[in-house]
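Labels run A, B, C and D following the written order; every chain starts at residue 1.
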Amino acid sequence: MDWVYLIEVLVGGLMSGVMYSLVAIGFVLIYKSSGIFNFAQGTMLLFASLTFVKMTENGIDFWTSLFIAAGIMVIFGIATERYVIRPLANQDLLALFMATVGLATFQEGFSQFVWDSDVHGLQMSKFLDIGLLDPAPIFMSDHIPWLDILIPKFDIFASLVAGSLIVVLAFFFQKTKTGLSLRAVSDDHMAAMAVGIPLQTVWAVVWAVTGVIALVAGLLWAERVSVSFTLIEAVMKALPVILIGGLTSIPGAIVGGLVIGVGEKLGEIYLADVFGGQGIELWFAYFMALIFLIFRPQGMFGEKLIERV
Amino acid sequence: MATIPGLVLSNKQKSPDAVALRYKQLGIWNTYTWNDYYNEVSVLVDAYNKSLSVSKGTVVAVYGNNVPKLIFSIAAVQTLGGIVALIHPESTEGELKTILNNSNAEILIAEDQQQVDTFLKVESECNVKKIVYLDGRGMATYDNSKLNSYDNLVSEAKNESIDSMISGLSDNEVAFYLFDEHEDKIYKVSHEAIIKNSTKISELNKLSQNDSIVSYLPLSIPTNLLFTYITSLVCGMSFNLPESNQTIEKDLQEIGPSILYAPSFVYKHIITSISYRIESATQSNYDRYMNHYKKLMNIYEKEVSGNKSLIDSIQKVWVMLTTFAPAKNVFGLTNIKHAFVSDGVLSKVNFDFFHAIGVEIQHSFGQAISCGCISVQPDHSVSSENVGAPLSGTEIKVNENSEVLFKTDCLGENLSGEANVDNGWVNSGYVGSMDNSGNVIIDGRTEDIVTLKSGKKFSPESIENLVSCSPFIKSTVIIGENQDSNSAIVIIDPNSVNSWADRKNIRYTGYAELAAKEEVRDLIKDHIKCVNETLDDHLKVKRFVILHRTLIMTAGEVSKTMEVMRKNITTNLNDVFSAFEKNESKFTVNDIDQLTYDLKVNEI
Amino acid sequence: MTDILKVENVTLTFGGVKAITDISFNVREGEICAVIGPNGAGKSSMLNVINGVYLPQIGTVTYDGVERRTINPRDAAIAGMARTFQNIALFQGMTVLENIMTGRNLFMKSSWLEQGLNIGRARKEEKENRLAVEKVIKFLQIESIRKTPVSKLPYGLQKRVELGRALVAEPKILLLDEPMAGMNLEEKADMSCFILEINKEQGITTVMIEHDMGVVMDISDHVVVLDYGKKIGDGTPSEVMSNQDVIDAYLGVSH
Amino acid sequence: MIYRETGNFVTNYFKDREIFPLKFDKIIVIIGLLFLYLYVPTTSEYTLSAHVVPILAVGLATVGLNILTGLTGQLSLGTAGFMCVGAFSTYNLMLRIPEDFMSLPVALLFSGIFAGLVGVIFGLPAIRIKGFYLLVSTLAAQYFVWWFFNSYAWFLNYETSGVVAIPPKMYDYWGLGNLLGIDMQGYPARYVLALTVCLALTYFAKNLLRSNTGRNFMSVRDRDIAASVMGISVPRTKLLAFFVSCFYCGVAGGLYSFCYIGNVDLMIYEIDRSFTILFMLIIGGLGSISGSWLGAIFVYEFPIVFTWVGDTIFQGAFNTAVVENVSNMVYGVFIIALLIREPGGFAALWATTKQKLRMWPYPH
């Protein structure tokens, strides 16, 4: 067996896992704080990156565009909480899920209606002058001397962004007052309300933060696959990730992303022949998640439910 | 002439497969044809004969709500020549004892545990030898040798022809013992008398086998017995029994009867029900409804005075189609051809309303002694005041004391033998008058007449009726005996006032608190002011109290037909009466539930 | 009378927390057995162990002569156990009639194909079981709400419907988890009557968790007292009331 | 207002269970059936092919999804996958089994059963996995099925273009074409077949809903622990729901390919279609069979009506992208607004209106 090739594949898998994790984190944040399974995560990616791209295409510089796009996502997040989530506060979780499906549909139509339905390329190297983002075609793998393997530079950049995002989030939740309230809310809604934590404010913050995460994730995904309708499929890819991870856990989202990323790559290499066809990555992640869940229905880090009767 | 079992037989022979009885039970309408009816009765005849030795002259008390078993029992007992004493299921122990002892009943047919329990409390003071219960629920542990289960009796009995027994009955034998709670007396009524009376009514109104009637009050109410049970037998029409007291409204709608009979309080209840439903409608709907209501009443007035124009007719069709035909549907009144009212009259507003929407209200007047009816209004009557003209074979006159006297060929007889019959003329116990077209107007009971300090006399019932016509008021008691002016005890209707209060955003926790609300007081005050405008000066109501509770039937404060029983109220609410006498503005009531309540006297 | 239910040395833990510790008691056929105790005493858990919702770590439950450590709730139902829940577990999307009809599901033998085509056996069964359901509706005096969605009913009536759903299954033993919780006096009186009638007239053994001591003393034949997951009393109502441990537990003597 | 319930009483339990208890309803149903069978086939080919037949096909799939999601509470995003199984099964049954033994209606029935069995396989995890976690199973079904038919060209009779047209002879079943002298490939004939299948299966679903099976489904949805305590086998109920639901989707897939587009094309069974059908379900109302049809009509017709408005009023101002985006926005707004105002969807709106009419002029 070619060990170098295997390691390359593994590292490649880890890198795409990071990408999945980025989407998954947004999911988990919202699920943890309000129990809502936010199906609109993918369209938020689309909306955020499309907004950004259209602004840069119109000559606005990178940082201003980023800032405005982030602002729009915050406003959008708050509006979502106010006009969609709050009126549905007492409905069951299925209804809330359906509402986010509606939100996703709306957002999909809205972002393409306001901007356009074209496919946009995004090359951050045009704006950012970082060593990791050479103007050279970034998918050309670079040689990492001490390991003697090839890793795309962009993947390293993406991992760094994801890593710093997680650090920022961790800081936010551990140290800030809002973060602490959010943790309280996710533990027990009723108790949090009883001690005077404004539930609705916390939710608004969560939706706003999720919007910003969606922007970051959207840009990184867009860099890889272009800004278009296909970004929505990112959410489909993220589903098995968060389900393996266990819906309520951010570490779970990250580990889940890595597991799926690596597993997919390995599956493509070693199992494709068994199935006599290419493209098994289309469904392989779901089967992995499925088999995993059969043994551990609450996911890797999810909380085991003891149903009180 | 026929007997009651005879009517069952002749209906069976005429149309064995026509529907005799429908009873909603276990969610569906169980149907008995006349053939089934006859068979049920014949099995029972065997059962009652063998197990209870019912024979000619045996008095059997029937104590319960209308259920088929009870209905069949009546005919079965009478087939054997027995006499049926009807007792209201809500009767108190005292009343039960009086009826059982005075009628000398040997056998008691009780509906269920509630009736059996009431009876067992007075068992030692009565001569009842056997009890049959129709529904054994909750009595598995009862150990009393007198108790028999209906089902057991029937299971041992045979279905044999009873034709010869029926034809052997004589129609002038006593069929029922009827209790008059106002007079506290029992009357004997023969088969002939009550059937003849019913025939008069059905001939007058052309009732036929195709009609149907829903009976939801106990048959112990004499007018109810006559109008529903006897009339359905006489005409061979279907007699429908609802599932339970809570489902009456729905069941009425399902059957959609063509004949409605009820004491006046039921109609009042329908009005109230309409009112509180519409109170909770949206504002626009409410306004539209009220607008249509006004239009309808306007057109009706023109209709009565005979100058209805074509536009009015078109407008009426529109108003009916969009509002009141559906409203009739909601209350199951769509198919009603005749709506008989007994035990009181409807106020003009309500009377006119029913007529305007096409529900032909027909007032009637009758008591136990007169087999339930001496006069009834014809179809399309327009006056809400009278109770109609005397039936054929009946004469009515008013004596110098304004008391109504009547003479009828369908007369009951006082069980104790006391006669208040003078030369064929019977004292009705009511005061009233005759109008120009020979219709009887009833003012109230003789003993209720109030004499003010000024010496003026009047019957309080007419004023009570006026005051109670508001949907917010359930009943009223007028007090004036030996005082300067009239005062009223007002009992608000919890349903309609509740939804009115909800509409006005008034917060309250219970009936007593609601009754004490300023807003409610103002609502009632405004209404009484309106009523006062139509009254002569000396009759005007000057003061009123809103009572903290409704009147209680089991405490004898209202009759079984919801009429005010003045005597008992005077005892139970003595504090209210003395407060009026002493001219207090605030006072405390020591009520029969051993609690005290603070009430306010309101001046108008 | 024989023991229809024997609970022997049952211990139940949730992730290290002991909900029930070594509890044993017997329920005789035909009696009303009340399980009482302060909040958190493990009463509901006890009921859940009996009909298999929770699986105890140690101990056995002998029901109807069969001894086993665990049972599947469905098998318990087939064996004639029916129950109600502390926090009403009605099917909120259905009407009263439909809810009670689900209690008859074990009597429905027709296949889903027959039911979908609405032919033969399916139609007949639907009719026969409806009759059984209607009898229960009549018994519980809820005729006027039979077609109302249960979610629109007040609490007390929901409890009644839930009792109906359990009762219509024609159980041998009825497990009632706080049947009178949150009811007013009148509703409690009605409910007590229903339970007594079910027990005395239909002969159904009843195990009931209840807080209202008045009710317990009035209607039960046998009382088991739990406190902190342990049994502290077992006997007739009067015996239990004179038991010092029980008095302490109820008056809140610190442990 | 028009409802007259007075005098409508039931004397046995069969009558109490009727789908249309009121005489008024029965008349409407008969008129409706006459309209559907006698008038609609005579309308233009365009009406049938662009409006009626596709609505029948997707509506049936919505009913199928409703059985699984609305009645049993098992969320599914695999609807298009199960439709795909149905479409390919129908085609292959017709292609590979001699004409004498196979006809289109029979093939539809069997492809429904195939789809149902595939559904059961992907439903198996539901025994252990609950709630949103189950999404992964239905997504696996969706992607796997699509990939499967894409990878094995045998199923498309080795047609390299990925689309295979349906030969006309496949439409001629039971010699009806000759017997009645009509073109069985024509839209009127296709429509009558689709209509009959849909009416029969809708009736079947309605029966299930008001029988023990339907109550079992709903009890699992509402409170699965209580259901098992009542003696209901929760795993069996869930699998049955998967089977029945996927049966409907399979038949719907067959109808979509055979009666509507006239070819078998993998591209129309992508995940978007699963979502479209989910929109139909939510907008129509979960748990209501008639709601599913209302939802299907609305979601299917909206873009068409919108385009028409654009063409006639704004001189063709809306291109397809605008129509699609606006449609999506409208669906989204409808879904959210309905969930907030009337979670039961169109079906609940209709039921409320009906109740209002029954109680008119009173509010309750």
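In this text, a contact is a pair of C-beta atoms (placed from the backbone, for glycine too) under 8 Å apart; a residue touches a chain by one contact, two chains touch by 3 or more.
These numbers were taken from a predicted model, which means no experiment stands behind them.
Comparing the centres of all chains, each the average of its CA atoms, the largest separation from chain B belongs to A. Across the structure, the highest number of inter-chain C-beta contacts is found for A-D. If you average the Cα atoms of chain C and of chain D, the two centres end up 41 Å apart. Between chain B and chain C the centroid-to-centroid distance comes to 44 Å (mean Cα coordinates, whole Å).
Note on chain placement: the centre of chain A and the centre of chain C lie 47 Å apart, centres being C-alpha means. We define each chain's centre as the mean of its Cα atoms; on that basis chain A and chain B are separated by 74 Å.
Shared interface positions of chain B, defined as residues touching 2 or more other chains, are 27-28.
Multi-chain contact residues of chain A, defined as those touching 2 or more other chains: 309.
Across the assembly, chain C contributes residues 53, 85, 89, 130-131 that each touch 2 or more other chains.
Contact residues of chain B toward chain D in the complex are 22, 24, 27-31, 253-256, 274, 277-278, 280-282, 285, 288-289, 322-323, 326-330, 332-335. Against chain B, in their complex, chain C makes its touches with residues 97, 130-131, 134-135, 137-139, 141, 143-144, 146, 193, 197, 200-201. Within the complex formed with chain D, the chain A residues making contact are 37, 84, 87-88, 91, 93-95, 97-99, 101-110, 112-113, 116-117, 236, 239-240, 243, 247, 275-280, 282-283, 286-287, 289-290, 293-294, 297-299, 307, 309. By the touch criterion given at the top, residues 25-28, 137-138, 140-141, 243-244, 246-247, 250 of chain B touch chain C in their complex.
By the touch criterion stated above, chain D contacts chain B in their complex at residues 1, 3-13, 15-16, 357-364.
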